[in-house]
Amino acid sequence: MTGIDFDIAHLLAGTLVLLSFLQLYQDRLYALLNVFALHALVLALSVAWQAFIQDAPHLYVTAALALTFKAIVIPVALHRIIVRLGIHREIENVVGVGPAMLAGMGLVALSMVVMLRVTQGADPLAREDLAFALSVILLGLLMMVTRRNAVSQVVGFMSLENGLVLAATGAKGMPLVVEISVAFSILVAFIVIGIFLFRIRERFDTVDLEALDRFRGERR
Amino acid sequence: MALIADFAVQGVEMLLVLLLAPLLTGFVRKVKARLLRRQGAPLMQPYRDLIRLMRKEVVLAEGASWLFRIVPYLIFAATWVAASLVPTFRTGLLFSWSADLIAIIALLGSGRFFQALAGMDVGTSFGGIGSSREVMIASLAEPAMIMIVFTLALIAGSTQLSTMAEFMASPAVGLRVSLALALLALIMVAIAENGRIPVDNPATHLELTMVHEAMVLEYSGRHLALIELSAALKLVLYVSLIACLFVPWELQPAGAGMAELALGIGAYIAKLAVGGFLLAVFETSIAKMRVFRVPQFLGAALMLGLLATLLRFVSGSF
Amino acid sequence: MRSDALAAVLLIPAFAAVVLAAMPGYRITARLNIVATLATFISAASLFFFRPQPGAYLLVDDLNSTFIVLTTFVGFTTSVFSASYIGHELEIGRLTPTFLRFYHAMYQVLMFAMNLALVANNIGVMWVAIELATLTTVLMVGIYRTHEALEAAWKYFILGSVGIALALFGTILVYMAARPVVGEGLEAMVWTTLVTRASAFDPALLNVAFVFLLLGYGTKVGLAPLHAWLPDAHAEGPTPISAVLSGLLLNVALYALLRFKMLLAVNPAALAPGPLMVTLGLISLVFAAFMLYRRRDIKRMFAYSSIEHMGIITFAFGMGGPLANFAALLHMTMHSLTKSAIFFAVGHVAQVKGTQRIADMGGLTETNPVLGWGLVLGVVAIAGMPPLGIFMSEFLVVSSTFARSPGLAIILVFGILVGFAALFLRLNTIAFGEPRGPTAKAKASYVPMFVHFALVFVAGIYIPPALVAWFENVAKLLG
Amino acid sequence: MTLSIALSCTAILLAVAVLAVVIGREAMATSVVYGLCAVAALISLLVAMKHLLGAAPPESVALPIGIPWLGAHFRLDALSAFFLAVVDLGAVAASIFALGYGRHEEAPLRVLPFYPAFLAGMSLVVLADDAFTFLVSWEFMSLTSWALVMSHHRVPENVRAGYIYLVMASFGTLALLLAFGLLAGPDGHYTFAQIRAAHPTAGLAALVLILVLIGAGSKAGLVPLHVWLPLAHPAAPSHVSALMSGVMTKVAVYGFVRIVFDLAGEPAWWWSMVVLALGGVTAVMGVLYALMQHDLKRLLAYHTVENIGIIFIGLGLALAFKTYGMPTASALALTAGLLHVFNHSVFKSLLFFGSGAVLTATGERDMEHLGGLIHRMPQTAFVFLVGCAAISALPPLNGFVSEWLTFQAVLLSPQLPAWGLKLLIPTVGALLALSAALAAACFVKAFGVTFLGRARTPVVQRATETDQFSLAAMYFLAALCLVAGILPGLFIDALAPLSDALVGAHMPSQIGTQWLSIVPIAASRSSYDGLLVFLFMVLSGSLAAFAIHRLASDRLRRGPAWDCGYPDTSPATQYTAASFAQPIRRVFGTVVFRAREHVDMPAPGSTQPARFVVDLRDLIWDALYAPVAIAVGFAADRLNRLQFLTIRQFLSIVFAALVILLLVLAIWP
């Protein structure tokens, strides 16, 4: 693999991490959705690039999937839902944006440390990619746990999954990547539908545990 | 031949304690009366009482059960057997090995057990008072007695009364702290066990103060006679126990001749007299204590006994 | 013949799923369900005798063959139970025929998924299968469409999906670790290849991989603190599903974890997986033991007891060594049988009493003697009392641990005792005392329950040498 | 051969248990089950006695069950034979008693299946020869007895009792499990033979001793692990109470002896001190608790605690002598302890049978509602009296013999070099004497209040003498009390091979001695002859009776009670159990139980009755058990909050776990 290939792949992966940070930074739903669409787009690009440099045509399927489904369909659908359910546009954070960003920094550092312990013998592209992928995943999780808003949590989950796809495609010659990405898209679809079905306006939280307690009398 | 002689001696011993028992009681009463400047009943009075009681018919309370009727015989049997196992004028009695000092105490214990039961049999309040107080006293007196036995047994290296007595007679004893403690404790226990002042008053019929009398309140006739006799026997037993353990002088060894035996008997009667006199003096010079002071009195005895035993355990020289 | 049996294990359920989805009518579908599971069980049992060669995707070895047989067997008995259970649900109208078809189809899909996860020789396939199983159970948990059921299903779904993601990342990392050694492509995901070459893998990658797999599959195993979905899913879903969840799905997830543990065990430079599993196991045990005290819902209570036992098993595997591994395998088997049997009993109890509130049950041994004593027997068994099987495994675990590291054994014993006390505290209110609640006789088939108990009892007294040899091989395999 | 017979008897018992489930509803089920139990136990009893008296060599057999590569090992040596005999003797008596008593059972299906299983469990414990078999049988015994305790489950107290019992039992079993784990080592050498060969290190053995004291002690009822016992034993049907009190506690003692004297290697210097101290405290505490009771069966249960204390004193002395290489003295102490094991099993079963008879006749366990039963049930009263006298250690009955031997052992102890023992043993001796005296007091109360006096409630008037089977069982045991009391030599000689095996010496043979007296060391030192004492008492008593009736009067007239001239009073004026114990309560209770007496005397002229309330506090419960319960509840409440987190919060926990693990990896060297 030549240096330029490596640099481009590296660049795209880095961009994904950056975008994850941007997502953390957003405090309005629409903006968040837009950033996520961008996130998915960059993912599609990087997957396509991987397909090109690994000349693994099946990866193009994944790329296309990411592009159409995540970058277009889902954001639109979520827009609709927001309108339908009249979810107000503010994103409620558990911790403020600033602390969240700091935590994100910490997580990225952590993933770097963990991944760079991998011996030099391993394929450098894999190493860097994995490091970025791991940080994307962690940032996604961070988003899920710091945002109270259902939609933003879904977005968090999806960017987490983008990280997965990034890792999977980065893993040269890994079988089943396409299947996995498909499976995940279905999963995400389920979640979105679920939100829509259960009318989860604000957050996962209010699919009430209080109800559970009332009916089951578990709380003492 | 020797066996027959031993049998004879044992028999004499049993009869002796049986016959002397009322006399001792009478003697104590007489001395007490004298000390109180009273004429007092004659020495033989207890015998007369016993005989009269035996002749009288028994008036049995309605609630009384079969237990109530056999208890007097049980008590008498237990006390008599116990008393006849204590060497009085001669050690090495034929059957002395059949029960050691612990067993003798246990025999007295069974006597008391049944007496307390009899006290509860008729179902009167006084019987209950008597029984419950009696067992309370016993529950402290018996352990104290066991502790005393431990001390003596550890000194004499045996719980066998004859052996102990022989050892006590021998010069090997010497003067020991533990012995003194044991003697003191033994006297306290003896007073309690025989229901003498200050623990109990054999002469009282004041409801709230009596213990022994309350238990036997419902007895009459021959039953009462047996119980009185057993009480007298018990007194003799304790006096002769103290005598044979602490003043074993003129206590004749096994296989002694007639003359020595006569001497021994004389000495024994003298000891009884002294013991009775001292008891009378003590009783007249002290007031009865409240029932709930008794535990402290007996607790002191128990502590003394325990202390003596501990001394023995820690070093043989005490 | 050889590979046929293996194929059957997978194809029968898949096919049955399609058929059942299409077929109306309660009686016939229930029967068909039973028949299908029975057939699956038979073909699985035949794997004992004809073992196919491991392929690129499928594998049958000592470790999983026992699991397959166990899974298919419990699946069979559960289907028998579910026939009588679902009948009652239809009568009282908690389920409509449409949902019933769905239910039976899903049941078969679940069986398929679990079998696939067990026989998969490819870590990717294994992952897919387990996720499939998870999603199916999510759907079945929500089948009653009540508020609580949907809530539980949703919770399960979300937490499950995150677990899925973590597990996948772990799988990818394993592949990355394997690739330089094994070479690109399919081979680098075939377990049999991996385990032979793992010693040369990059330890750092393996470590990270194991962390993700532990958390990912650990969520499915229900180890505290990843357990949150488990109690509600058990409590709100149909009881047959609770039985399958506790009895089988947890095992399957743990089995996956074991595979990767073996992978790490081969590599000397990698961190020892033992301590991690021991820690998680003890946490789950003690935590669940305390949680048992405040439970008022009978199914939730037994769900927590499942967490407790999963903790014990994980702990034992973490300790390692022939004794502990043997004990863990035995415990796994016994727990599946016992716990599913308990849920059979609980299902009927809940139907008789018309509620799952423990406070509304009472004097069960008076009103429904068979059911009541069955439940007592089950609790006695699950609490680890002789002469039932769990006592033996707990005996082996505790005694072998105490000699090696007393501190851990003390914690273990403490947890067991606390859980024991809690279980019997509740049992007393359910089974004894003055009868409470409705006392109608249950229309139930007690056969599956007592078959399980019979097996557990026999295992407590006598384990056939063949099985022993089996377990011992596996114990050695696990190191 | 003998072993296989014993095992097959156990198998028969298990089969009977299954049979009971099948035929439980039939009318004749009771007779069939208990009859079969009696027969099986009898056979096994004969076998055990043959093995013990014949001083036969140990037999062992291994069955291919239990832990596969280990198998189930069974062994019949002198120790197991003795305890097997004790178990089976109790079993025979209980079964015969139950032939009559069991008819009154309202829910036989809750008793019949578990009873034979319980018997089987107990005999399996004493026969087991490897850790696993031992523990299985041990826990099986607990389980079946728990089921029997729960047989009258509609009474809330019984359910609570069963619960506490089961938890304590499992606690003890886990302790024993840990002990065996230590003895067996990491690679699982579970057979007793391997354990004997192992010789554990000192620290290990110390830990084992403590664990065994917890495990066996909690089953035997050592203070402070006794709390379950007075709750559980009375809750069961009376013949089961008899077995639990008389026999099961002895099985626990067997466990202690087997492990400490046989398996755990050489005792350290302090072991005997712990055992002695526990024994002394247990003896006194047990009897003091008993004195405060007015429930007859609970009183008996507390006396079991006391007697266990006495047994452990004997064992502790044996341990002390063994430690300092005084085998003969050790043999004496051990024999004393084990003889008391036998004696207590006899008279405690007898007493529980008696209480059972009273219970069936009156439906009352509370002594305050009884009284005067001696008129209604004279025979029961008689045998019960024998039992009371025996347990109060009155000569010439058997209870006295074993306590006498224990005292003799105490008198040998000054030769022990250790200073701690020099100070401890006399104190323990004092405690022993105290407990004996208090026991006598307590049984005066028990018998006096229950059988003597006048009836306190109408139920007594309806009472009738109990059935023939029960009487037969009770007479049998009463006779045994007397025989063991007047011919103790036979029993002591039977224990010789046992003490040889455990402490390497035995008491001098008693058969040769004159008049069948018993001589622990030497005739000059001490000797006791129950037979002669008995003869003397009979002789002098009957002599007196004869003489008086012949020479003096034998006239007798019934009249109203004198009672110091008070008019005929109501039965309510009698002394009750509480008032009888009041003096002793004043002496000990204020310290031990924080006993407080509240009197509220209404003003003169007011009509409401005066009240007198005594409140007793169980300090052991307050100090040890209540805090545990509170702590568990507290922890449960705190952790229970985790059930109610939101999904996001759960996710955060997962996230935190992930980050922590990654951090661990990051800082991994």
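Which chain is which? They are A, B, C and D, in the order written, and residues in each are numbered from 1.
Definition applied: a contact is a pair of C-beta atoms (placed from the backbone, for glycine too) under 8 Å apart; a residue touches a chain by one contact, two chains touch by 3 or more.
Please read all numbers here as calculations on a predicted model, not as lab measurements.
Interface comparison, C-D versus A-C: the higher number of contacting C-beta pairs is recorded for C-D. In terms of Cα centroid distance from the overall Cα mean, chain D ranks first. Each chain gets a centre from the mean of its Cα atoms; the one farthest from the centre of subunit C is B. Averaged C-alpha coordinates put the centre of subunit A at 100 Å from the centre of subunit B.
Inter-chain centre distance (subunit C to subunit D, centres taken as mean C-alpha positions): 44 Å. With centres taken as mean Cα positions, subunit C sits 31 Å from subunit A. Taking each chain's centre as the mean of its C-alpha atoms, subunit B lies 35 Å from subunit D. Across the assembly, subunit D contributes 637, 640, 643, 645, 647, 651, 658, 662, 665 as residues in contact with two or more other chains.
Looking at subunit A, residues 114, 117, 141, 144, 204, 207, 209, 218, 220 sit in touch with two or more other chains.
Touching two or more other chains at once is no residue of subunit B. Here the chains touching each other pair up as A-C, A-D, B-D, C-D. Chain contact summary for the complex, subunit B toward subunit D: residues 51, 54-63, 65-67, 73-74, 76-78, 80-81, 84, 95, 97-100, 102-103, 106-107, 109-110, 112-113, 116-117, 119-129, 131-133, 135-136, 138-143, 146-147, 150, 153-154, 157-160, 163, 205, 207, 217-218, 221-222, 225-226, 291-292, 295, 302, 305-306, 309-310, 312-314, 316. Contact residues of subunit D toward subunit A in the complex are 637, 640, 643-648, 651-652, 655, 658-659, 662-663, 665-666. Only residues 371-372, 374-375, 378, 381, 385, 389, 392-395, 400, 404, 407-408, 410-411, 413-414, 422-423, 425-427, 429-430, 433-434, 436-438, 440-441, 443-445, 447-449, 452-454, 515, 517, 523-529, 532-533, 536-538, 540-542, 544-545, 548, 551-564, 566, 569, 571, 573-575, 579-584, 586-587 of subunit D touch subunit B when the two sit together in their complex. On the side of subunit C, the complex with subunit A involves touching residues 124-125, 128, 131, 135, 147-148, 150-152, 154-155, 157-158, 161-162, 164-165, 168-169, 172-173, 175-176, 179-180, 184-186, 188-189, 202, 204-205, 208, 232, 235, 294-297, 300, 356-357.
By the touch criterion given at the top, residues 94, 107, 110-111, 113-114, 117, 138, 141-142, 144-145, 148, 153, 203-205, 207, 209, 213, 218-220 of subunit A touch subunit D in their complex.
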